[in-house]
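By letter and in written order, the chains are A, B, C, D and E; residue numbering begins at 1 in each of them.
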Amino acid sequence: MILAETPAATSAGRRPQRLARPALRFDSVGLSYDGRPVLADISFSMQRGELISVLGPSGCGKTTMLNIAAGFLRPTSGVALVNDREIVGPGPDRGVVFQSYALFDWMTVAQNIIFSLTCAGRPEAERRETASRMAELVGLAGFESAYPYQLSGGMRQRCGLARVLAANPSVMLMDEPFAAVDVQTRETLQEEILRIRRQTQCSVMFITHSIDEAVFLSDRVFLMRKGQLGRFDEFRIDLPEPRESAENRLHPSYLAVREEIYRAMREDGH
Amino acid sequence: AWSQPRDLRIGFQTAEVNVLLSYATRNGLFEQQGLNVTLVPFPAGPAMLPALASREIDMGWMGEFPSVTGYANGIELEVLMMERLDFTNIRLVASPSAGATLQDLKGKRIGATVGSSSHYHLLQALQQAGLSQSDVTVVNLSPANMPAAYSAGQIDAAMTWEPNIGAIEKEGGKVLATTRSLGMITGGVWVMQKSLAAERRETLLAFLRAWRQAQVDYAADPAKVRAAEASRLGMSPGDFDALVVRQSVSHPTLEEQLTADFMGEPGKELDSRLMKHLQGIGDFLAGQKRIEALPSDWRGLFNTSPIVEVLGR
Amino acid sequence: MKKKSYITLAILSPLVLLGLWIAVSHSGLVRPVILPSPQAVLSSLASMALQGYSGVSLSEHVLASLTRVGVAFAGGSALGVAVGLLRARSSAADALLLVPGEMLRPIPPLGLIPLFILWFGIGETSKILLIGLSVFLIMMVNSQSGARSVPADLLRAAQTCGASRMQIFRHVVLPAALPQIMTGLRVALGMALSILVASELLGGDRGLGFVVLDAANFFRTTYVFAGVILIGAIGLVSDRLIAWLARRIVHWEGRR
Amino acid sequence: MKKKSYITLAILSPLVLLGLWIAVSHSGLVRPVILPSPQAVLSSLASMALQGYSGVSLSEHVLASLTRVGVAFAGGSALGVAVGLLRARSSAADALLLVPGEMLRPIPPLGLIPLFILWFGIGETSKILLIGLSVFLIMMVNSQSGARSVPADLLRAAQTCGASRMQIFRHVVLPAALPQIMTGLRVALGMALSILVASELLGGDRGLGFVVLDAANFFRTTYVFAGVILIGAIGLVSDRLIAWLARRIVHWEGRR
Amino acid sequence: MILAETPAATSAGRRPQRLARPALRFDSVGLSYDGRPVLADISFSMQRGELISVLGPSGCGKTTMLNIAAGFLRPTSGVALVNDREIVGPGPDRGVVFQSYALFDWMTVAQNIIFSLTCAGRPEAERRETASRMAELVGLAGFESAYPYQLSGGMRQRCGLARVLAANPSVMLMDEPFAAVDVQTRETLQEEILRIRRQTQCSVMFITHSIDEAVFLSDRVFLMRKGQLGRFDEFRIDLPEPRESAENRLHPSYLAVREEIYRAMREDGH
């Protein structure tokens, strides 16, 4: 258990690194809403291909941190960088799965999923192929032409996930992407994300309330604490490749970290 | 914008009586002169001024009062002729309960169309009755809205012209004053763009020839000529004849235009009776602060040369 | 409420009003100049339908008005939506258009008529511009407000999908503003028709506005009523058309 | 864009237009009867401010118009919101008001003037009713559409909280419709001011509409411009006031 | 593991029954959206004071079933009853925690929470007291005067929960009420619900994706299956009172049922 460290200290990731520069870096980032501080002096960096999960009590600032990485919010102090360039706004290099889904009500499931391809002017055939592949992947096959308001909550959430996966950005920011999804689907999608990450070397920041999920997925877990303005403890996870193999869920090191995080949380509760 | 050389856009008033104009249009008199006439309707004279100023109509028929307003405001217009003279077309009609004399109008509500000949008449009538403008309430209404206002008891009296003044009488209104009883003169004038006489003289002359023909036809067969306007107004020949009688109307000939009673002999326009009348209106407008200043030169207001040319003098 | 009883009520209500009108005009309480009887109005309507008005057939009057309103409505609303959305998303555009736009809105069409005559003449141009201007201004306000109500997260989502400014307009801002745009269209259409009469003060010898004005000039109240009822009927039909279209186009509204 | 540069642009844009106006009217390309120079308009405005118009001081003209518009706007919009929300939530009310309401909307104020004279006279009543009617009709459409966009879940939540019909109106439907109601208020205010001139066709010797009409009748173009600019300025100021209020009241809009 | 049974068969509940009539009863309920059937022939009844959890894959019809109980949707066939009266619409006897939160954006947290009291015309003092008690309970103390858009996702969800708890209805219908809430808060709130249920004898229908949560909370668990039009398996849970005691989470019978459900789910996956 290490306290939030300097970027330099983090740079030696577990995963073989293609590039020295981090995919995402926060440097003394602080943020206040109307003068009320929510985050203060947050620093970390995330390597290319790394997957970091963020755990923490409701309202501690997870979404806020992700919004800064996405470029939706400008930090009140400090600086956030993606691929070593300051983040000044949203961009297609960073895909976001929204906690609120943020689907376009006027587009069908398929149109929502392939929106980034439409924007990039990809050919019709490719769009159609991607739409059905992604719908299949997230379990929405057969609902391609339904509208979001005709979907269940979990189906909406999966549609939002598919939209980001279809865009295939180099950094994915996922805000509790499986909160409304059943256990079975959840496990399938977790494995899917690990597979995609391995194939595309994308970096993922993943917010969740499930310790199991965090440990199974991540290279590092950030555990935020209540009322600490976003200060977090960090846990490194080392599990054999392929990470998505179901056996990892019973791996001793998995169980150990899980236990460690669980205890840190309990501690915090008192 | 000029279109074809023989195109002529004429402004007229829908709520007025246009015997000769209706006859000439409906019986092809203009076509016979090679003209292609477009009639453009307006509710009253003042509304026609912007159209003249922007050269959207070539000529228009209006009371002499708004023609002075326009000239004094710098619109490049000329009076071609006094088309009509009427002594009882404009009348002040009051409801029987409002009183029988002009003095009784004190404190009453009187409808008039601001800026038109009827407005001028009303102010003159008040002056003669020893009343000031603040002794009555002048209600600005278009002629068409006056019978409604009168019927609903919203005005006690109205000063306007046929056919709407007739409609008010039909509702029981009694005449308190007319142009004649006030010792005034009024009528309708043809005003035109300055450029019409200057640049499209043939078109203007063709119009005058057609107009002359209409006057001749009217003298020869009044019933036939009146039929066109009666049908436009949706009136029976009998009712329409009665209306014309109520107007005490005459249509001076082109020859008469060149006498001192109307536009004056060429060169002596400034001394004509019509000119004096119009200058009187100018003084009135200036006194009422309705115009900023009197025209520096009245000579440009009349152009008798087209009539001279048509008459072959 | 079932669709059927809705329609029954919707038909019944004007019939009751008509009944009232008949009753009042037959009671003798109101003189016919003040309120002509429905029969008289109907017979004026019939005579217009059969013989036309002022030498022009009724269908020509209707067509002339519909053309004017149609062109002005189409042009005015297309431009209004474009400018409104632009103002909502670009504060530079908003700032530039603020004072001219908001000063123009309260300016009375009647006050503009002399100016329109001066500037655009008394032909169709002037009439269409006068109507189109009102439509434009209403649509501008409605589209701008509609665009302002786009949830922030949707704009963000579009940006992370790599949507360009134009694509965000087309695929996010415009659809999100559609409910208010459709409302605007309904208001603007009513407005366009109601300005028809004023616009036909700008000369001309055909059109329903001309009929109403001309009939009013001659105190032919039954024709005024007939003309006004025709304009009202056109308004009703086209309003229902827009409302029906709105429900089909904005199918997602209120579904959450 | 920063607030400061927004304001700069907003002030700059009318100044540029004014500059253009000065340039055009001095170039001699346009005759002063068609476009009077700003200086001439300004001097008419000054003379009105100092000596009044037609024997009545400028402040009295402004006050008369503001009172009319104010009363009509307040009354018309209160009633329009109430009826619009009612129509949105009760299909019986909607069915009953459909035909009369939608036929009334396109009916031209100019066509109504003779009837208003007959029915309500030429005093303040008529003027206020004429303006109020337009406001009412616009607000009815906007509130109804606004109420239709209430998310279904919110209505359901209110019902499970035991809210009565009235409480649902007050606490759910009205607030949810507020964004469209505020838009409606802005459109309706523009409309109210623009009908002022038509309403002042209904007789009377004061009010900015009277000034515009009277000046037009005497072809005093500079006064027409001056009057129209005053109406526009009143519109601009009150529109900004409503827009500012709207932002404070509907603070939640677009925040998701 | 028993297949969906007739109402009569269910009527012998574990808990001492005050009233013979069930709080909620579905009788051959079917529902189609635009002709596409989602539920068919669903029958069950829930006793007064009973807590039933519904588990099932995303999109299987859980929310639809709850919407019928709430009176938001009328069944296409069959009949749903609350306290033996047919359900014809929503009513204050049934409180709902919405999957979409359904907060009033124009009301503060406190106003949202006490909305049912406002509607009932309760006195100011009572409203103030309830607002702060409920805010405290769900961990929103200090946010009473914030607006929903100033809250994090989990805070919004807890606000929606507090609104229902404040109304204190005899039947509570909760649609994944803890989906966006962290583990710690979740456990506290679970215990809170059990405590309230014991005190007020209210009945609860509880939709969740967490097997642990379902087993810890419920008297019975309904496990819906994919593509079965809402057909469900039923599991009875017997745990010592007080149900909310944390020790129950380690009770053998807890672990056994959890295992049983987990296996049934897996089975379904193939």
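Heads up, the rule we're going with is that contacts are C-beta pairs under 8 Å (C-beta built on N, C-alpha and C of every residue); 3 or more make two chains touch, one makes a residue touch a chain.
All values derive from a computational prediction rather than experimental measurement.
Number of steps on the shortest path from chain C to chain E, with steps defined by chain touch: 2. Counting contacting C-beta pairs between every two chains, the top pair is C-D. Among the other chains, the CA centroid farthest from that of chain A is the one of B. Distance between Cα centroids is largest for the pairing of chain E with B. Inter-chain spacing, taken between the CA centroids of chain B and chain D, is 38 Å. Here the CA centre of chain B is 85 Å from the CA centre of chain E. Chain geometry summary: the mean Cα position of chain A and that of chain C are 50 Å apart. Contact with two or more other chains is made by residues 33-34, 114-115, 118-119, 151-153, 201, 213, 216, 221, 255-256 of chain D.
The set of chain E residues that touch two or more partner chains comprises 100. Listed for chain B are residues 47, 50, 53-54, 142, 144-145, 148, 151-152, each touching two or more other chains.
According to the touch criterion at the top of this document, the contacting chain pairs are A-C, A-E, B-C, B-D, C-D, D-E. Note for the complex: chain C touches chain B at residues 31, 33-34, 54, 113-115, 117-119, 121-122, 201, 203-205, 210, 213-214, 216-221.
By the touch criterion stated above, chain C contacts chain A in their complex at residues 151-154, 156-164, 167, 171-172, 175-176, 178, 251-252, 255-256. Contact residues on chain A toward chain C in their complex (touch as defined above): 70-72, 89-92, 94-96, 98, 100, 102-107, 115-116, 118-120, 147-149, 163-164, 167, 169.
Contact residues on chain D toward chain C in their complex (touch as defined above): 1, 5-14, 17, 33-35, 91-92, 94-100, 102-112, 114-115, 118-119, 137-138, 141-142, 145-146, 148-153, 179-180, 182-184, 186-187, 189-198, 201, 209, 212-213, 216, 221, 224, 227-229, 231-236, 239-240, 253-256. The touching residues of chain B, counted against chain D in their complex, run 46-47, 49-50, 53-54, 69-70, 73-75, 109, 111, 113-116, 134, 137-142, 144-145, 148-149, 151-155, 285, 290-291.
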